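Same chain, two partners: subunit A is paired with subunit B first, then with subunit C.
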Partner chain A sequence: MSTAPLSHAARKGYLRYLAPGALGFAVVVLVPFVMNIAISFTAWSGIGTPTFTGLDNYQRLIHDEMFWSAFAHSIWFIVAMAIVPTALALVLAAGLFDYLEPRFGPRVSSALRAGFYLPQVLPVAVAGIVWSWILTPYGALNGVLQKVGIADPPNWLGDTSWAMPSVMLVLVWMQLGYGLVIFMAGMARIDPQFHEAAELDGASWLTRFRHVTVPQMRPEIFVVLLTTTIAALKVFGPVFVLTKGGPGDATNVPSYYSYSNFFGNLQVGYGSAIATALTVVVIALTVVFIKIQSKAEGA
Partner chain B sequence: MLMRSRLSGAVALAAAVTLALSACGSGGASGGDGKTFTVWWYEDAGNPQDAAWQDALKDFQAAHPDVKVKFERKVWQQIQDAGAMILNSNDVPDLLEYNKGNATAGAVSAKGLLTDLTAEAAKQGWDKTAGSALTVGTYDSKGLMGPGKVYGIPSYGEYVSFAYNKDMFAKYGVTVPTTMDQLVAAFETFKAKGITPLAESAGDYPAQHLLWGLAVAKADRNWLNGYFGLKAPLDTSAASPLTQAAQTLADWTAKGYIDKKSTGLKAEDAWDQFRSGKAPITYAGTWMVGDFKEKIKSFQWGQFLMPGSGISAGSGGNIWVVPTKAGNKDLAYDFIKLTMDTKRQNLMANAGGVALAADPAAVTDPVGKQVNETFAKLASSDGLGLYGDWPVPNFYQVIFSNTQTLVGGSQTPAQFMEQLKKPYDQVQSSVG
Partner chain C sequence: MALTTKVAPPATAARPRRRGRRPGAATDRAGSASRHRRGITRWIVLTLLVVTMLVTLFPFFMAAINAIKTVGDYTAHGPLALPRSFDLTAIKDFWRNVDYTNKLFNSILISGSVAVLGTAISLLNAYALGIGRIKARKALLVTLLLATTIPQEALIYPLYYLAKAVDLYDTRLVVIIISSVMSSAFGTYLLASVLSTFPPEILEAARIDGAGRWQVLRHVVVPVIRPTLAVLMTLFFIWTWNDFFLPLIMLVSNDNQTASVALGSLQGQYTSSPTSLAAASLLGILPAVVFFLIFQRTLTRGAVAGAVR
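Showing the complex of A and B:
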């Protein structure tokens, strides 16, 4: 590839192709984001003229227990959407790539890969409704549990102590395929010589997984962890469909809390402040992640 | 990739607000040419209201052959969540069914988003047709229901009552209860036979209706006026009807009259327990009557009101409103008129709906006859207790989620009342 700097005219030529994307970004992300920040400094019901209230909404935010408990729940969502699915996907991808594909052929492994990826393709509203049927007290799951002798199975989504683990389970199912597909693509990139050399030295599959696959997959793991962590922080759809933040506020998350302030309480200013705070956290986290990644790559 | 293209809910909603805002100031979408009539409602297809209004649409089209009729079916929750934003945009229909209550119709009327229908209602006689049910469409300048201007026209009524399985009552020798003690005794009889008597759903709206039904059965009109008029901070003492209701609900769950697992059940799950004959009793609004009438074939069923003060959860139905920005208001009035006439009112009543002005002689359907007589009795004896979530924005969600934890047992009645008191008092101090 040529490394000569682009001429002014050539750069102008590229700009033309960037314009549609830039316009879309401005309309869908930038303008609403700036407006959101502006609204967060006001008291506004969504109708009429907003009243400027300075930092009032942010002051309220700092002392709002509901907001902090929603943020604390985000940690569980990071576990369920980023950490567990990434780890599981890595093991499964290695299993599919190293074991199933050589023995059963690429067709079997790509069929399985597609199966794991399916939950990512299904609209969250559809998948959520089906899961709530499965998890309802007299639904499919408890029917099966009763058949195998558990007389009083849990009330998965209706019990304050079970709701969070149940939602987490659904999210692991939803997220698994995303990492799996990226990791399988990444594994095709690893030079087979590494594995061959390790195998000749008598390394077991587990040792090769730990010392060859995982270190080689670092860039992919970073990308998957970063994108899924961000997705976990701003999760909305699954919570809306499965529990609406309940029972009580057992599964409330910042996005849902922002939503209920916007539309339920008609406190659009406060809802905007929550959304702004959430965005700041997401951006900060992204910067930290990218810093760590470039440091790791530079080392 | 799904995940990456999914914007955060909050940002997407901010975008929605922005678009709604940026739409302000440009020309109305529905136009005022008298050539199209756009109407929205959220009654389920085939229910008594829908049947009557579809019939009205046919006559409307016949009377206005050159008008293009555009009907869209919405859902109740959609209007509950986004109604204000819709009315504030320029993409408004000419007429829509809107959720009654201070936090919904009241709030948008106070912001000037609804047409004042006071004069039209008097001219057309809708105030007389609706009678006391018109309360649900009348709001003052602060958006509080009560004496003020007419912004919405109810064309049907509703109340919540117990529905019971007559066959199961006969089988176990239970008579229809007329006092609270008899009701509890009936529960005990079924419980002793291993049957959970009361089909409920605390993972959806029915449990909060039961809570409110229990509250108004202990209340008088004076207490109700204070509660809805935000006259004082919420009374959380043990004597308050609402505290007593929370206590009763907790007791009934503890005693096994209500399944504790109802916290994970949707409304449809509870109705299904009743329809399938698993549970002998449920507490359902008249909007379920058409469904029960159609689907219950294997047993006889009936209704009885919550024993107590004679006040029941119920009110005029949801209301027709004409957005301020509607382009074809005269067409909207023409359509409202059709829904209020005797033909449509009789049609609704005979389908099992609660009509406001059906001709009693023309109501031949036995179920329709019973519900219309009961509603007429409640309306004439000042026995409509409205709904507990009306006074404060988002109170629906607050009462819903706290009723869920109350039934689940992770919250005591006292804690429940504290959770309600916070948002109530916040609004009360700014309005009252």
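Showing the complex of A and C:
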């Protein structure tokens, strides 16, 4: 490699630089991770000694409808955090980069990009209160709807059938900028000759989007889909701030479900089992994603 | 993120981007620009995209105009009307009620410490991995990346329990330690890849001059990668500022809470008064917008690099 080869002794001397990091990692990640798995085999309220119960928590998990519905909700969150924003961001990025920038200059396109990106830098808690203020029954949105003649607009976050779509809308809003920024950075890497050649052949913007932009952006699309899908499986903040998993369990997700078992129901063993199951799903998904990607690259 | 098989997608995906736009690309595009400067379609597309952006920014606008209304103005004219008065009562009341000065101080203290400590840990790790090239380097990096995929829920209860056991529960210090270590997983990965391409001639020259490992780190490596360290510190600062889950669980007392948690747990208390909720929103938005304006380039570049997170 690029560094000069080091002798065994010389390499050993570097080990001590790992000490603070390794110690921190052991205390903050490794030990808690193992503890969490161990706790998942017990019944424990958080106080006193845990009672070993073997696989009881996992057995309960399999028959727990709430758990399965929480995972089913994760699919909606993947739609709202990964699929829809990625697709929208790709179209927007191409619109800004391939269409607007050559016609109006880079200032216009980067100003627009900044506007779309702004929700991304907002702390999730702040995005949450902004939106819950807008979506509350007497909030801004219903104020507008009543003005245009809708007498009885829904309670967006409080109605079982509206809560999920409302939360999804907020998430699309939050996530859009992430993909946009990454795709626009990626598009700068595509050789403009591809587009120019296609244009000379009379290809429309849509044709170029399908046959030049999307195939060229495959690595970026992959990374964005992977990271946002994992974020969607782990989502906690928006749920906590907007709905607390409710109404009922209409927007409950695994991470919130384990949280409420830890700190609400004081069923720490069961909460740990949920968290462990979630970890397994996230890691399995990551591995599958990467396998698919390596196949696609190999082909 | 465990993007760690032979493919290493973050590398393939991120490396060309880090270089930024090719210098040639700008001129190529300028050349074709004249060709494009006609037709009405482009104005339609521009209008469409601008309107979409304004819709995206609408919540910010709503928070801003309603935070400065009087309650009377709000009830009389609704949330959409422009304010007919300029009234800071809602903002002042909110500030006083949650002691926002204290919350901002906590956020700055915690985020600033994590930026420094997290970057320091990342640097030391990366020095051993990227330049020391110690054995099991690959395995360690894989472990780190896998660790970043673990949901926080799978660590939080033991962390909560351990923090209580060592009497650090409900202290800003425990949040600083945990966040620093967690951010350093990403930082180590990023810096190790930067340092593994560090020019060996420079290192060799320093060694011949008799510099020890520590001196090489301090006087050779750090000055060269200072810009990368600055990016990392900015990212850690803002990630910690925005973090919600860890401080929510660890910081229960009012005096230790961060701005993020204070705002996030407001809900319900204030829903009766729409203008104070708007004021709270605005006060949460402002620091984020300030960071965004100052660090826009770092943040967007960070998002690209952070895609490996």
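The working rule: the second predicted complex is superposed on the first by the 271 of 299 C-alpha atoms of A that agree within 3 Å, B and C clash if a C-alpha of one lies under 4 Å from a C-alpha of the other, contacts with A are read in each partner's own complex, and residues count from 1 in each chain.
Going forward, a contact is a pair of C-beta atoms (placed from the backbone, for glycine too) under 8 Å apart; a residue touches a chain by one contact, two chains touch by 3 or more.
Please read all numbers here as calculations on a predicted model, not as lab measurements.
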Broader residue contact with subunit A after superposition on the shared chain, subunit B or subunit C: C
Which of subunit B and subunit C A:47 touches, first, second, both or neither: first
Which of subunit B and subunit C A:70 touches, first, second, both or neither: neither
Which superposed partner A:156 touches (first subunit B, second subunit C, both, neither): first
Subunit B versus subunit C as contact partner of A:266, first or second or both or neither: first
Which superposed partner A:225 touches (first subunit B, second subunit C, both, neither): neither
Which superposed partner A:17 touches (first subunit B, second subunit C, both, neither): second
Contacts of A:192 with subunit B and subunit C, given as first, second, both or neither: second
Touched partner set for A:246, first subunit B, second subunit C, both or neither: first
First (subunit B), second (subunit C), both or neither touched by A:283: second
On subunit A, the residue positions that both subunit B and subunit C contact, one per complex: 28-29, 31-33, 35-36, 39, 46, 120-121, 124, 132, 136, 138, 178, 227, 234, 236-237, 240, 254-255, 258-259, 262-263, 268, 271-272, 274-275, 278-279, 282
For the subunit A and subunit B complex, residues of the former touching the latter: 28-29, 31-33, 35-36, 39, 45-48, 120-121, 124, 132, 135-138, 155-160, 175, 178, 227-228, 231, 234, 236-237, 240, 244-249, 254-256, 258-260, 262-266, 268, 271-272, 274-275, 278-279, 282
Sites on subunit B touched by subunit A in the complex: 1-4, 6-11, 13-15, 17-18, 21, 81-82, 84-85, 88, 107-108, 111, 113, 202-203, 259-266, 269, 393-394, 396-397, 400-402, 404-405, 408, 410-411
Subunit C-touching residues of subunit A, taken from the complex the two chains share: 1-4, 6, 11-15, 17-18, 20-21, 24-25, 27-29, 31-33, 35-36, 39, 46, 92, 95-96, 99-106, 108, 112-126, 128-134, 136, 138-140, 143-144, 147, 173, 176, 178, 181-182, 185-186, 188-189, 192-193, 196, 219-220, 222-224, 226-227, 230, 233-234, 236-237, 240-241, 254-255, 258-259, 262-263, 268, 271-272, 274-276, 278-279, 282-283, 286-287, 290-291, 293-294, 297
Residues of subunit C that touch subunit A when the two form their complex: 1-7, 9-10, 12-14, 16-17, 20-22, 25-26, 28-29, 32-33, 36-37, 42, 45-46, 49-50, 52-54, 56-57, 59-60, 62-63, 66, 78-80, 120-122, 124-125, 127-129, 131-135, 140, 144, 146-147, 149-162, 177-178, 180-182, 184-185, 188, 196-200, 203-204, 213, 217, 238, 241-242, 244-245, 248-249, 259-261, 263-264, 266-267, 271, 274, 277-278, 280-281, 284-285, 288-289, 291-292, 296, 299-301, 303-304, 307-309
